[in-house]
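The letters A, B and C name the chains in turn, as written, and every chain counts its residues from 1.
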């Protein structure tokens, strides 16, 4: 495989770049639109001249995105940290400890993923109102820290950590907490980083919850800010595309940081064998 | 024997690991879900204080509702995107794991659709698929297809065009989780197979594919669930049209709940959706023993 | 060492979470609780769908300047399903929305049912006298639950230059769809459509027709299979596929055509749309155009059609939340808004309906500096004329079902008779439910 891999590496790269460009085509269009003037929207691929006004608009005046950014960062960071930690903990319980009713409980967990969010929003609203967290960031952060998907995903990964490793630790007298923190978590870095990236992107892009549970403009997040560009009877496409382009940048940063850990995993799992 | 007793003695610690998460799930998922289960038997209209118990009326109405049946059909077509995206993602992940230059850049390109807020970008697809002068049909005409499909302008093809967008969107998600799974396969396992003279294809499908089967299982289940529940892409692109041809079940729930405010009926549809996904999941859960290797 | 590092990492996660959460909490508490600072000034929240910079900010600023004891904050919601849901949720809490503007009768009806719209009878404000006869279309159970504050307008915008070139006069007020079809065919050129329709006006004629005919027949069944609809649909279909004087339905659907931009760029001779086009039409820097704009009514289907009604009447219905703790202050603002406070929004096409407002003043705001871009005669007759109007009160489900069926017809998946039959059938099914 090594020999053939060397020979086909260059053509494969070229092929994948072509495919990759296709993947990001809508983004290229988006960026191009953000530099067009209002009267030429969607009529051509490239702007006839670079019009920076849409980009200026989103950082100044009535479309100021700075507070939306700060709110989004705060909510996404706290929720993601909480979700990664709490999910990993539960996932270890489901993957590595046997106890009564474990599998049944896990199925209940999974089944809760299947409820369409639209129908649990009324009871959630009633509950949040009663807890006095309606129209506060807590209404997004608290539920955001509990991820069923995270438990499921990390459980799958913990289960593929070789049993011999954890079992030999038992024999050395280590408790489950010790094994979890010192053995399993380091081994699962790629999985944790992956989940963190995905979970962060969900919080970052969460529109429905923010829409319903936040009403004060000073609490708004980026997805709500984007609604400013939907005017009464038409859409300010230039502004929307400019703001959307800017909204992706933090996500790309998170991905680049997280990716380092995913690759790092290669060396750590090589050590374990 | 000795190991078993140890486990039983330590049983409580399992609960200790799960408890913090369990409390949140109970509060934010299970209790609201039970509430919505109750709503199914009422005529509750959102915000309207007059509620009455209507028994099984909503469920009866569901099975007489033609819109419901067509939503089920559209959902079926929508779900095709799950396995297709999965297989493409596996291949892309394999390639991006080893045999290319510029790995970081390429991974980023494939992952970008998933981490961007789909909504603003998604409707660019409407323009890409535009029937008369959109780039996709221009390419099709260029390669000799005289009358390319109308895509979103045609109720027969709109759902398939949505599938393309959904595959595009989910590819990065599937790919990155596969990539993480591939990191756990040790070089020795592959090396051993190669020494035995296995071809690259054999290594891929006979060794790597079984090794990542827990991940495939995860992606299949979560993919089906997430696809079943997702509607924001469709809402952004077609709003369920033209002539209702892209109204899938979850969008039907969304409209019933948020546009018509019929929460009781929306709950009934949701619990039907719930039952379907649950059955599919249980079948997969039982079936996993045949092909998932932990 | 690796173990230790991981333990510290996990621990710092927890600490960071607690800290971040803690400081976040303080911020929320300051930003949120309006009751905390009560005693000094009453704080009101006004919800509307007009973007902040298109007038509301100026309105609210003017009020706050003059009334330091009642502070009003404008919260903008998008008038779609999600936006209305957000408003309805906030209304239930009683403190996050004190005043709000309704845009359709069906939404107002839901809010009346939910008990969040104050019956305005107790205020003593004579809405009929103040707002004119069209106001009564907004009565629910014979009561007013909101102030209809502005004049709604919808008409055909005409490129006068193209009309002149084709030797066509500005159409008469009682023109019909066959006239329109003829006009469009004559006005069409390469890269110029005869007629464009804004989504919001697409059903203006059939709505005006059914408003006259009655949504249901005498026996309570659907009237959606009436012959006038058939004629209008067929003509429009011909315009799309035979005359090619208006975009094919699928084409318009998928290219996200900015119809106002196209009209102002001279890519269409006629545009069916509401008064909201004024905002861009008056903006000569971004949308320069060298032609005069003339106006025509939205045509009726046939010349002998009886009881045809015109899209229009009044709109922007301002309600007070019946759960608000500051209803008196809210009403005070509402009255001020309707009787002239809203004038800064006139430049965007919102002409106040209250007789306390000098119409001349509103029109000056609307047309300041661009008077020569409009054909005065047709503008006076159409834009400022009096027509018999209506407010549609058909449930959203029915409208959606109707749309799904006529889309099948315009996408050539279903013929006209089957379309009308299934429209009526689905309407009947929903009446039964």
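We adopt the following convention: contacts are C-beta pairs under 8 Å (C-beta built on N, C-alpha and C of every residue); 3 or more make two chains touch, one makes a residue touch a chain.
All values derive from a computational prediction rather than experimental measurement.
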Between A-C and A-B, the pair joined by more C-beta contacts: A-B
Most distant chain from chain B by Cα centroid: C
Length of the line joining the C-alpha centres of chain A and chain C, rounded to whole Å: 36
Rounded Å distance, chain A centre to chain B centre (Cα mean): 15
Chain C, residues touching no fewer than two other chains: 82, 85, 89, 92, 255-256
Chain B, residues touching no fewer than two other chains: 46, 127, 254, 258
Residues of chain A whose C-beta touches two or more other chains: 42, 208
Residues on chain C engaged by chain B in the complex (per definition of touch): 81-82, 85, 88-89, 91-92, 110-111, 113-116, 249-251, 253-256, 395-397, 400, 403-405, 407-408, 411, 413, 433
Footprint of chain A on chain B - complex, ascending: 6-7, 10-18, 20-22, 24-25, 27-33, 35-36, 39, 46, 92, 95-96, 98-102, 104-122, 124-125, 127-128, 168, 171-173, 176-177, 179-181, 183-188, 190, 194, 200, 203, 214-215, 217-218, 221-222, 225, 228-229, 232, 250, 253-254, 257-258, 263, 266-267, 270, 273-274, 277-278, 281-282, 285, 294
Partner chain C, residues of chain A touching it in the complex: 37-39, 41-42, 61-62, 74, 77-78, 81-82, 84-85, 125, 129, 134-138, 141, 181-183, 185-186, 208, 211-212, 215-219, 227-228, 230-234, 237
Touching residues on chain A, where the partner in the complex is chain B: 1-2, 4-5, 8-10, 12-13, 16-17, 19-21, 23-27, 29-30, 42, 86-87, 89-90, 92-94, 97-100, 102, 105, 107-124, 127, 142-143, 145-146, 148-149, 151-153, 156-157, 159-161, 170, 175-176, 180, 190-191, 193-194, 197-198, 201, 204-205, 207-208, 222-223, 226, 240-241, 243-244, 247-248, 251-252, 254-256, 259, 262-263, 265-266, 269-270, 272-273
Chain A-touching residues of chain C, taken from the complex the two chains share: 2-3, 6-7, 10, 13-14, 16-17, 20-21, 24-25, 27-28, 31-32, 45, 49-54, 57, 75-76, 78-80, 82-83, 85-86, 89-90, 92-93, 96-97, 198, 200, 255-256, 258, 260-261, 265, 273-274, 276, 286-287
